[in-house]
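Take a look at the structures listed below.
Here come two complexes built around subunit A, the first alongside subunit B, the second alongside subunit C.
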Partner chain A sequence: MSIIDVKNITYDYHKKDDQGNETESVRALDDVSLEVKEGEFIAVLGHNGSGKSTFAKHLNALLVPTGGTVYICGMDTSDTSNTLEVRKTAGMVFQNPDNQMVASVVDEEVGFGPENMGVPTDEILKRVDDALNSVGMYAYKDSSPTRLSGGQKQRIAIAGILAMKPKCIVADEPTAMLDPKGRADVLKVLHMLNKEQNVTIILITHNMEEVIDADRIFVMEGGKVVMNGSPREIFSHVKELQRLRLDVPEVTKLAFELKQKGLPLRDGILTREEFVNELRLLAKGRV
Partner chain B sequence: MELRTEKLTYEYDPGTSYAKKAIEDVDLVIRENEFIGLIGHTGSGKSTLIQHLNGLLKATSGRVLWNGKDIFGDGFDRKEFRGHVGLVFQYPEYQLFETDVLKDVCFGPKNLGLSEAEATARAKEALSLAGIDEKLYKASPFELSGGQKRRVAIAGVLAMKPDILILDEPTAGLDPKGRDEILDSISLIRSETKKTVILVSHSMDDVAQYVNRVIVINKGHIEFDGEPREIFSHIEELEEMGLSAPAISYILRDLKEAGFPIEGNALTVEEARDMILGIFRRGHV
Partner chain C sequence: MFKDITLGQFYPADSVIHRLDPRVKLLGTVVYIASLFIGKTFFTFIPISVFLVMVIILSKVPVSFILRGIKPIIPLLIISAAFNLILTPGDSVIVRFWIITINWEGVFMAIFIILRLLYLVAGTSLLTLTTTPTRLTDGMEKGLRFLTPLKVPVHEIAMMMSIALRFIPILTEEADKIKKAQLARGADFESGNLMKRVRAMIPLLVPLFVSAFRRAGDLAMAMEARCYNGAEGRTKMKPLFYAGRDFIAYGVIFGYLAVVIVMRVFGL
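Take a look at the complex of A and B:
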């Protein structure tokens, strides 16, 4: 069974005038269908307004579709008796860490979720410790979240989700406000959770360098999924991505530019290592 | 025009056990028409520093001098001075509040005491510099796209006609195209109006591509101040400070380590492309 099974969903936002009459409706999702298997690392790309965040909010029942169905581990998200279980299964991390902190001490922050779920106290304490260890923040257990950096706060937000033992984490631009170190740390944690604890990850981002290690990339445009494939497949379409207001990693762009100028490099180079190896081969051929 | 800081030091919660120096002994000189990138990890003191540059914070010790005059000196007109140094905060679109775009941009100049007609003229000029089409003047700011809202907010500061425009993370949360569009307009504003622009950013790639001077702040001190190409060749030192170098600098370093005869540093894809083509064409490998 797929952990996420989205069948033909549409979602309409309704605009209302000051009398509360509907004036206009905007289709934010338009017949989206996709499946994600447990343990996959998925990246979602798309320009501002393409429907990424609306899609993400459907994965833990913050929004339910206007038409079509979202199943999370087989549970229909529009059935309100499933809401709590859906939210335990798929946890969300948002862009701004400051908007997600509720407690004054880190361990209370992380324990907030399981406490709300009615988990027994001993078990909460254990989960909090485990979650903080997982994200490398155990040393800050007794600190105040306000004294942490953005990257540290995001790792605390992730720990807060982990303490609810989710099968899936949906992270909506979790690195957008972070410095390079914070960015790298958050990504490392998401990949580690994916590899070691088999947590399914859905990462929404505008940073092309962050998605090259994903198993699959969905590209959204106009509320539809317009591309779906491995990073190598997706990033071999440089021109198409630029038309969608997106980009490719710098190393891919450099390889593409060199190829345009006549160096016989292969398409879809994603890492510096591959790039250096390709150039090495090319240089050898010349000697 | 010259904005100078002398031994600028700011301490949070002085005299308590939480006392912490956010910046210490910062000496800087900012001149006309510079394009400066200010980088540093979260908590490095960047925000504290920029808030001193237009007098929002008063230093614990040291001074800020505007054309040689202490901005906290007797008789200095700080209100007028704030018109010279415009600060665009992070996510400035959250500060839009008026019923239409033009009114929102007029708010600043009107506050400076300008007449309705003068304020409108300035607002229109600023909106055009920021790349907002006349058709949108009567639109509600809340109907615009994220990128457009941000431009309107930038226009709001431009309409004050600052000599120095400081932008704190102007591209955070924008898609790649939106990011390029904003940075291109900022670059255009600078070249057309001779303003100095200070870009605070966590994106080393953006900084490398646009600015001609980089200031690196770490633990409240200026660690580097100079030409981007030179500064971004210090990859290890930058990483120790929680920063990084542009992707292109890493690629060239790897090529060099693999034995390719790379000399110097490149900051953009085009520069690196030409460098690599040069090596192949000259038959150096």
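Take a look at the complex of A and C:
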């Protein structure tokens, strides 16, 4: 059974005027279907307003689809008796680290989720320690979140989700407000959780460099999933991505442009090493 | 200007007062405030001072920290002292000019009010200085739980308070940022009369409120995503338990209250 099974969902935001009458509705998701298997690392790309956040909120039952069904571990999210169980299964990390923290001390912040779930005290303390160790923030257990850097706050937010022992973490642009160092730290934690604890990760991002290590990429546009495939497959369609107003990693772009100029390079080169190797092979072939 | 707000500030130290159960400290604060209003003469300030000084010494909080909390209320002190000075009725007139009479009763009341407010702020600030916001709200929640059957939303109030305290540093920082941004666009917060200055605050408060509402929306969603569902079925990571020292403290608090009441009864 796939951990996430999305079947033909649509979602409309309704705008209301002062009297509560509906003035217009925006279709934010339009017939989206996809499946994610347990343990996958998924990246979701798409420019502003393409419906990424709306999609993410469906995985956590923060929104339920207007049409179609979302199954999380087989549970229908629109059934309110499943809501808590869905939220335990799929945790969510948001963009702004300050706006998702409830407590004034790091360990209490991490313990908030388990407290809500009714986990016994001893077990909460253990989970909090484990979660803080996992994200490498144990030393800050007693600090105030206000004094931490953005990257550290975001790792605390991840720990807060981890302490709920989810099978899946949905992160909605968790690195958007961070500096490069904080960004790298957060990504490292997400990849580590994926590899070592087999947590399914759905990473929503604008940053192309962050997605090349994903197992699969979904590209969204106008509320639809328009591309779906491995990073190599996705990034071999540079033209298509540019049409969707998305960047590609620098090396990929360079390789693409060289190919346009006639150099017989392979499509979908993702890393510098790959690129260098490819050029070497090419050079050898010439000699 | 926003840096002076010490409300809810915590001074970390390892002291008996810090370790006391928050419910004890809450009751102690209530009793202390009550004692300030029970006392009608300068004599009552003797037990009150003893109590306050004892707590300050035990708490290991530097006096300068407590005094810092007094700075912002100086205007309030001056205004209430002035009103009492002028408006207290009495016969022992000292000076009289135009429509204003100043008498000894007024002088007495003015000094009394200043003392009362100073002691009030100093004493209550000790509560937040020695108690983390979470322990404080935990204490409130558990200490006031007897009100839940009366449909008082104790848990919700406690949660609101702890979130408010958590966001004070974030919002003060933001207020400073907005202020600088508006200053850079030529806004003027310093000059002009009172009306003008109050009006100058509008371009500061509007963005601050807008952002506070956005943050509130984000936070509500984040809490919901983490299975928050009100008090029902919720466990505590750090539950409160009374220790021996808490019972001793209760004894001291009630002893103190008794002394103040007895003094009042005997007209001291």
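Just so it is clear, the second predicted complex is superposed on the first by the 285 of 287 C-alpha atoms of A that agree within 3 Å, B and C clash if a C-alpha of one lies under 4 Å from a C-alpha of the other, contacts with A are read in each partner's own complex, and residues count from 1 in each chain.
Note that in this section contacts are C-beta pairs under 8 Å (C-beta built on N, C-alpha and C of every residue); 3 or more make two chains touch, one makes a residue touch a chain.
A quick note: this is a predicted structure, and the numbers were derived from the prediction, not measured.
In the superposition on chain A, A:Met208 contacts subunit B only, with no contact to subunit C.
Of the two partner chains placed around the shared chain by superposition, subunit C is the only one that A:Thr121 touches, whereas subunit B remains out of contact.
When the shared chain is aligned, subunit B comes close enough to touch A:Ser149, but subunit C does not.
Contacts of A:Glu35 after superposition on the shared chain: neither subunit B nor subunit C is touched.
Touch criterion not met for A:Asp79: it reaches neither subunit B nor subunit C. After overlaying the two complexes on the shared chain, residue contacts for A:Glu24 are found with neither subunit B nor subunit C. In the overlay built on the shared chain, the residue A:Glu257 is in contact with subunit B alone; subunit C does not reach it. Residue contacts after overlaying the shared chain place A:Asn48 against subunit B, while subunit C stays out of touching range.
Contact residues on subunit A toward subunit B in their complex (touch as defined above): 46-49, 95, 149-151, 173, 176-184, 206, 208-209, 242, 245-247, 249-251, 253-254, 257-258, 261, 263, 272-273, 275-276, 279-280, 282-283, 286-287. Residues of subunit C that touch subunit A in their complex: 132-134, 162-163, 165-166, 169-170, 214-215, 218-219, 221-229, 233-239.
Of all the residues in subunit A, the ones that touch subunit C in their complex are 57, 60, 62, 84, 87-88, 91-92, 94, 96, 98-105, 107-108, 111-121, 124-125, 128, 146, 160-161, 164.
Residue ranges on subunit B touching subunit A, taken from their complex, read 40-43, 90, 145-147, 169, 172-179, 202, 204-205, 239, 242-244, 246-248, 250-251, 254-255, 258, 260, 269-270, 272-273, 276-277, 280, 283, 285.
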